[in-house]
Each structure stands twice: as C-alpha cells, then as structure tokens.
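Next come two complexes, and both contain subunit A; in the first it sits with subunit B, in the second with subunit C.
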Partner chain A sequence: MLSEISRLLKRLAVAEGIKMVALYRIDGVPLCVKIGTTVREMTPVLYWLENQIKEMLHSISQQNLDEASFKFNNMVIMLIPVSKTTVLGIIAREEASIYKLHIDIKTTCMKIGKLVAT
Partner chain B sequence: MRPEIVYSPVDDIKEAQKELENKLKELKLSRFEPNFMLLFFTDGTYKNYRKFAELFRKYYPDVQMMGCFIEGYAVEDEIWTRGIVALLAEFDGEVKVFVERGNDLKEVCRRLGKKARDEWDAMLIMFPVFYFSSVFSFGRAMYNDRIYSRRYRNAKTIEEKKEVLKRYSNYLEKNFIFPIDRVLKYLSESTGGKFPIIGMNLMPMEAKVGTPVILVNYEEVGRGIAAICFKGKVNAVYHDIYPERGSSYEETVNIIKSYFSDAEEVDVVKAGIAIGEINGKPPVEFLRERLEAYREMSEEEFLKKLEEGRFETVSPYMLALINEQNFSTTFLGIVNSPVKIFPSPFYLDLFSDRMFFVGEAFRGGPKKFIEVIELRKFEGFDLILLDMDMIPAFGGNVYKIMNYVEGLQKLVIFTTTPSIYTNSDRKLMTEIEKNIHFTTSGSNALLEFEKTQKSHKNN
Partner chain C sequence: MMERIKTGVIGLDDVLGGGFIPNSVNVLLGSAGVGKTIISFQYLLKGIEEGDKCIFISFDMGEHEVIKHTKAIGWGEIADYISEGKLSINKFYAENVSYVNNDLLNILTGESELNTRIVIDSFTPMISSLNMESRNDVNWFFNKLRELGTTLLTVEEPMNGDFGDASVTLPIFLSDTVIHLKNIGYGEAFSRGLRVIKHRGSWHAEGVFPYRILDGIGVLVEGTDLIEEEKEVVDLEEVLQEMNMKREDIPESLIRRLEKLAESGNPGARDAIMEILKKVS
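Moving on to the complex of A and B:
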C-alpha cells in the first residue's frame, strides 16, 4: 500500500511548481513525503512550518474542514483530508496553476482514500 | 465501435512513456487494430509531444490520427489536468483525416472541403483560433497594434474609425486569427452542409508561443485546419449553458439582464474582428477601470508571460453581444493584456453596437455543462468536450460532473469552448447564424458512437 501511495505522491510532486507533497497522519507525523525540489531547499521551510502544519491538522480534525490553506513567502501550503486519520499536504509555488492543481489533488486524494480504506 | 483509452497522468516523460508503452503492448497482443486515434496532451506533456507521437507511431503507424493540446480529461472516475490521454478505436465505418494549411482562410476551407467532399456523417475539426509561430510574430502583432491604434485615435468620425478597424481586422485574419464563425461557414459551404461539424477552436488557457499544437498523422499542423471525418453510426451535438434566446431583441436583452445581475449596458465601436473602444475607452482600459484588481500589463511583462506559458487567456469578465437579426447572443471574454485594439475570435459585424459588459456567471454549477449528455441518441461511446472555463470557475468541484457520467463509456475533455455547424430545432442562445453556433464561454459538445456487435464482444 505504501509503495502505491508513494507512486501517487511522486506523480504530483514531479509537476512544475510543486515543491513538496506529503501524506500526514492527523497528529502531524508524515507517513510519506515526496520532494519536487532539493531536500536542502525544503528542510528549513519544513522546520519553520512544522508547528503551523500541526496546528492546521488539528483544526481540520476538530472542525471537520474540507481544506485548509495559507501562504508562506512565495509558496502556497494546502492541506486536504484524505480520510479520518490522514491528510494530504502540498507545498507549491504561488504561480503554479492552483485551479488545475486542485483537480489533480482531488483525484489523488480519492485514489489514496481507496487505498487506506482497504 | 470498440474504443480503448490509453492514458498516463504523469508529466515525467520517462514514467509516462513506460506506462503508455506497457498499455500499447497489451493492446497489440490483444489484436486490437484501431482505425483512428485522437491524442491529447496537457500542459505538462505538450513540450514532449514529438516523443509521445513517435511512441504511438511505433505501435500504430497507419492509424488515422489527430491530436491537440487540452486542459484536462476525465477517464473512468478520475479527472486529471496532467499527462497524456489517447482514444484509440476500431470504428465500424469509414474514417479519414484531412489537413490543409495556409493563411487565406477561405482558400484553406475550400481546399479542405474539396478533399473531404460531402459523403460523411460527422466531422471533428481542430484549428488554432490564435496562432503565433514565434516571439517575433508576437512582437510584430504588438507593433501593428500600436500603429493601428494611433490611426484609430486620429480618425475623426465613427466611419473612419471603423475603416481603420476593418483594415486591422484583415491584417489579423491574414496573419494570426482564424475566426470561428468563418471557419464553420466556409467549411460547411465547401462540404455541402449536409453533416454536422464540431469545431475544436483551440486557444490554450495559458498561452505560449507555438501553441496550440495540433497533430495530424503524427505531423504538426501549424496554422491550418485538421479534420477527422466519420461515416457510420455517429452523432454530433452541441449545447450551451444559457437559457433559450428571446423572440425579439428586447426579450433577449431581458434574458441577459436577468441571467447576469451585474449587466452594464455599453456602446462599442467595432468592425470585422476588432474592437476599438467600449464607452469611449480602449477595451482593456475599460476593463481595468471597472476592476481595480487588474493593473496595467507592460509589453515586456506580456511577452515574458507568453514565453513562460503563463499568459491567461480566460477572463471572468466579458461582453454579451446580441445579434439583431435572430436575437441570439454570444460572449467574448475581455482579457487583461497590453493591446489597444482588442482582437475577437469571431466576426462582430452581425452584432449590435450596444452590448452588455458582464461578469461570468454559471447558473446551475457544473451540472449545466454536462447537460449535453442528455442529448445522446445512442448507447455506446461518448467523446464529451467541455468548456475549460469550468476549471478556474469550479476548481475541485468540477468533480460533480462525474455523478452524471457514471457508468457511461466515455472520454471527457476540458478544452476551449467547442463550436458547431449543425441543424438544430432548438432556440439556442449561441446559434448566431443559421446552423452556426459558437461562444467563448459556456458551450459544450458531444461526439457519440453507437455500440456495435464488435464492441459487445470486447467489452
């Protein structure tokens, strides 16, 4: 299952403008991470964002949100629940085509949702 | 017809090639021998279109093939805006692809009609509405926009202004624009007007030099028209999302005003395929005055965006143009750009100088777009062409359409608003001339193929 999830996340991560795609457990533990840029570029970003992401994951869980997103520097951070216990996180460049990305995220969430439900 | 959809929702060329090759090998082993193929590239794969075309050519070199750039697609229960998708089919009838290139549209259509003739049941055409082969050609267009806009400003009377617009319009048509209505008109005339013609009048959502890419039998078309013709159990239909047109000018005006609650009446000076002014101002300046969010775009910024493929050709603000002859209406998006004279993808002469400036409104949500499937005649395979405006308008909610196509054997394509030449007894809002339907917002089309003995055996 994890290898299939990894393959799905990788598909999203290779697109232009995507910096990172990760499947988080609702308590903030990353289950699978795919980086669309260099690890060196993402490490400090993730360090800065760790608490914010945890806080938002908590809000998603408590308030049953469909989606939570915010901007950081020139990046957009999106968190979308996949199941009761997992959330898909995406970090994309601000100029990435967000409308289109939303559709691909939804398809990916649906496919991961089917995997985690089985 | 036995259809097979081969797709890979991956932008990475190596992974996509591997995935496609596995599927194509499987099809070859199953002795599947298609007689036509429609190949669609998305934003992330079109730059490698030659490599993908070669891959398909390796397996099916003699298939009648046509391909182009799209914004997204839906296969089974998935929607993707990345990767590549191909419809390969064993069609139980005759199918043939034709292409003609050139700058003189009438001549291109005449030659295409002469080749194709009138013995088909449906035709699907692909052509670039705007086509710029290089950054240099963009620069040339911008330079001419400046020259003609200066002449336009110096003109003293409306007649003189219209004369300048007509001349500029001729220049645009000869060099960059294939007007949608003229393509349908000339082509239906040259093919006898006996069968429907669906137009994929292509204009990418994010324009770039050399786009839209169109392929015919694995070769690039450039500025020209490609057509795939079908003879057999096939049906082509068109639908728009708007209410029916009125029986008088006033009635249509009232329909527009009630559909778009923010409709603002404006006076427009236009001729041919060029708009000189809206309420006395250059069209883009008029747009920016209404919407402070749009700041002025410099020529450098415009060219940079085009080079990077980030110039958005969709706009939520448009003109509603009313035809005084049959009281139909079509819509023209006004896009923020540095042009002074605004080019139109269709002829404006039929429309009243009094128009409405409206904000995009899609009443009924995504469901309205997929209503086109209610016009199906056959139980079989459906190629559904949906307006790409749905993507920025609804984002992830585009998925709602999947509830209505569940269980259908189909390929849904998100592309520029399709147009059609067809006999219709409905009073469609966007039937601008007899049998000719088009708009730049809110139209959808369907090409359906009846299920036959062959497809029963295989599916």
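Moving on to the complex of A and C:
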C-alpha cells in the first residue's frame, strides 16, 4: 500500500509546476513526501508548513472544507482532504496551470483514498 | 552484517535494519491501547522460539493475567512456556519499586543467561517521580540491563502529548532505540502508525509505517515493501567516472566513507556522493 501511494505521489510530483506533494496524517505527521525540486529551495516553505499544518488540518476537518489554499511568495500551497485520516498537501508554482493540476490531484486523491480506507 | 535480535513482529525487523542490536535497551513509546504489551509478548515468543531466556516484569499483570490476555490473542502456548520455565513472569507493585530496587535487580541477574530477553512493561511507574537530575542513575540502570541481555521497555506517552516530562525524556535520551506507536482512532490504514525515532549504531527506515493488531499474529507492520524499493546501492567507480574524477584525487579517509555510503543502500546516496565529490573537486 505504502509503495503504491509512493508511486502515485511520485507521478504527481513530476507534473509541470509541482514542487512538492505530501500525504499528511490528520495529526500533521507526514506519511509520504515527494519533492520535485531541490530540497534546499523547499526547506523554508516546509518549515513554515510544519508549524502550521496541525492547525490547518484541524480547521479543514472541523469545517468540512473541500480544500484550503495559501499563497506563499510565488508558490501556491493546497491542502485537500483525501480520507478521514489523510490530507494531500501540494506546493506548486503560482503560474502553474491549476485547472489541469486539479484534475490530476482529484484522480490521485481518489486512488489514495481507496488505498487508505482499507 | 552485525548480528541482530529479531523482534518477532512481522515487518518491524525490516524497519529496524534487521532487528534490535544485541545487549541494547529499546523503548516502545505510546499511549494506552497502541499495542505495546502485544509487541512485548511477540518479542518474548520469538525469544523462546530461538532458545533465549525470557523475563517479563510487570506492574499490573501476574501469571494469571498474562495467560488470560495472551490466550485471548491466540497465544495459548504461553501457559506452557511459563510452567516449563522458559518464560519468567514477575509482578511488582508500583508503589514499592524503583529502578534501583534490589529485588528487581536480583531477579534479573539471577535469571539471566547468555542470551536473555527482558521486558519491563511498563517502565513509567519506576521513574515517574524522577527529574532530569536522575539521568546518571537511569543510565547506570540501563547499563546493568545491557550487561544482562537485550531489553524492551514500554514507556507511557502522556495523554496530553507532553514529551518534556522526565519519565518520557530520560528513557528516550538514554535508550538505544525508540519506537513511537500512535493510534489516532479513525479506523483507516494510517490510523495506527509507528516510526523509529532513533536506533543507535544502525540504519533504520524513515517515515510512518501503518500497522494492524490481528488475532493470532499480534502486531503486523505494513508498507515495508517500500523500504526495499527505495534502497539505492551505488557503484562508486561509476560515479567517479561520471564526474571525471580519480580515486587518487580524493583523501583516503573520505574514499572509505564514500564506499560505506555507496554500499549502504540509503535512499539518496548517489546524489549525496555527487554533492560531496563536487565539494572536494
């Protein structure tokens, strides 16, 4: 299961404009992370995300949100609930085609949702 | 490869790079109900299977309770092991015991053999009244345990998640291995997950691994197929060629370290070697 999730995230991470995809547990613990760029470039954003994620995931879960997104410098951070216990986090370049990305993201979420629901 | 003590938990040895290090003190950290005691008995059952002497120290379970609870999981053979003397169960009363208790140390010393597996479930009552200044005393006790065999201690995670308490931080700092178990209680694959916080002197897999508690089996750690998939054995000569470098250009001590890294199978080893070589070129 974990290797299948890893493959799905890897596929998403190489899509144009994507800088990082990560599957988080609802308590903020990263379950699987794929970075499509240099780690150094992502470090400040990841530190920021690490400090915020619990609070954000709590809000998403409490308010039953479909998605939450943030802009950070020239990056967009999206958090999309996948299942009762997992949330997909995506960091993309601001200029990336969000519409196209959304289709890929929805498909990935659906597949991961099925895997973790067992 | 260094000799390892098998944990008896399917999947956990893969996460630990083969198992526990002999003569080490290992901690299972988690709140009530995550499966610490079940893993403890899997560890002891594996020991009995391998002919090791096994000792179980508890503050809430005597022989009767141990037999009752383990039988419920499907391990009826435990009763026989106790009567055959392969497994020693010792119940202490928390209010009467500390880690410097002579009775406890006498039992452990008297019953230990060449390969002894010791479980203390849980270690928390023994150190709950301590502060950080007791570090040396706890370290002394851990060294005694290391002399006697390979120990598994369970440590209660405070319900408020406060890891700053000495009863949690001391065993985390002073033990050789810490495995954190967590159940967030939503019933999906990742609801129960474990991760290795530290594993002195050994490689260990990074990340959270989902686990289940199953009748007959006990704890089953899943997702370990990814560990093998992500292993990256590097041909150092090939990397040197790719970077137009020769062995002679690099200090011998660094070559030895790079060889070790290349053979390690660590994910990302190739990129790390290239990065290091760029710096020395």
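Note that the second predicted complex is superposed on the first by the 118 of 118 C-alpha atoms of A that agree within 3 Å, B and C clash if a C-alpha of one lies under 4 Å from a C-alpha of the other, contacts with A are read in each partner's own complex, and residues count from 1 in each chain.
Just so it is clear, contacts are C-beta pairs under 8 Å (C-beta built on N, C-alpha and C of every residue); 3 or more make two chains touch, one makes a residue touch a chain.
Owing to the predicted nature of the structure, the values given are computational and were not obtained by experimental measurement.
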| item | value |
| --- | --- |
| When subunit B and subunit C are modelled together on subunit A, clash or fit | fit |
| Subunit B versus subunit C as contact partner of A:H58, first or second or both or neither | neither |
| Partner chain in contact with A:S97 - subunit B first, subunit C second, else both or neither | first |
| Smallest separation in angstrom, by C-alpha atoms, between subunit B and subunit C in the superposition | 15 |
| Touching both subunit B and subunit C, residues of subunit A | none |
| Subunit B-touching residues of subunit A, taken from the complex the two chains share | 11, 14-16, 95, 97-107, 110-111 |
| Subunit A partner contacts - residues on subunit C that touch it in the complex | 182, 184, 186-191, 193, 195, 207-210, 222-226, 229-230 |
| Interface residues, subunit B side, partner subunit A - complex | 9-12, 15, 43-44, 71-72, 77-82, 206, 310, 391-392, 395-396, 398-399 |
| Interfacial residue positions of subunit A with respect to subunit C in the complex | 1-3, 6, 25-27, 29-32, 83-86, 115-118 |
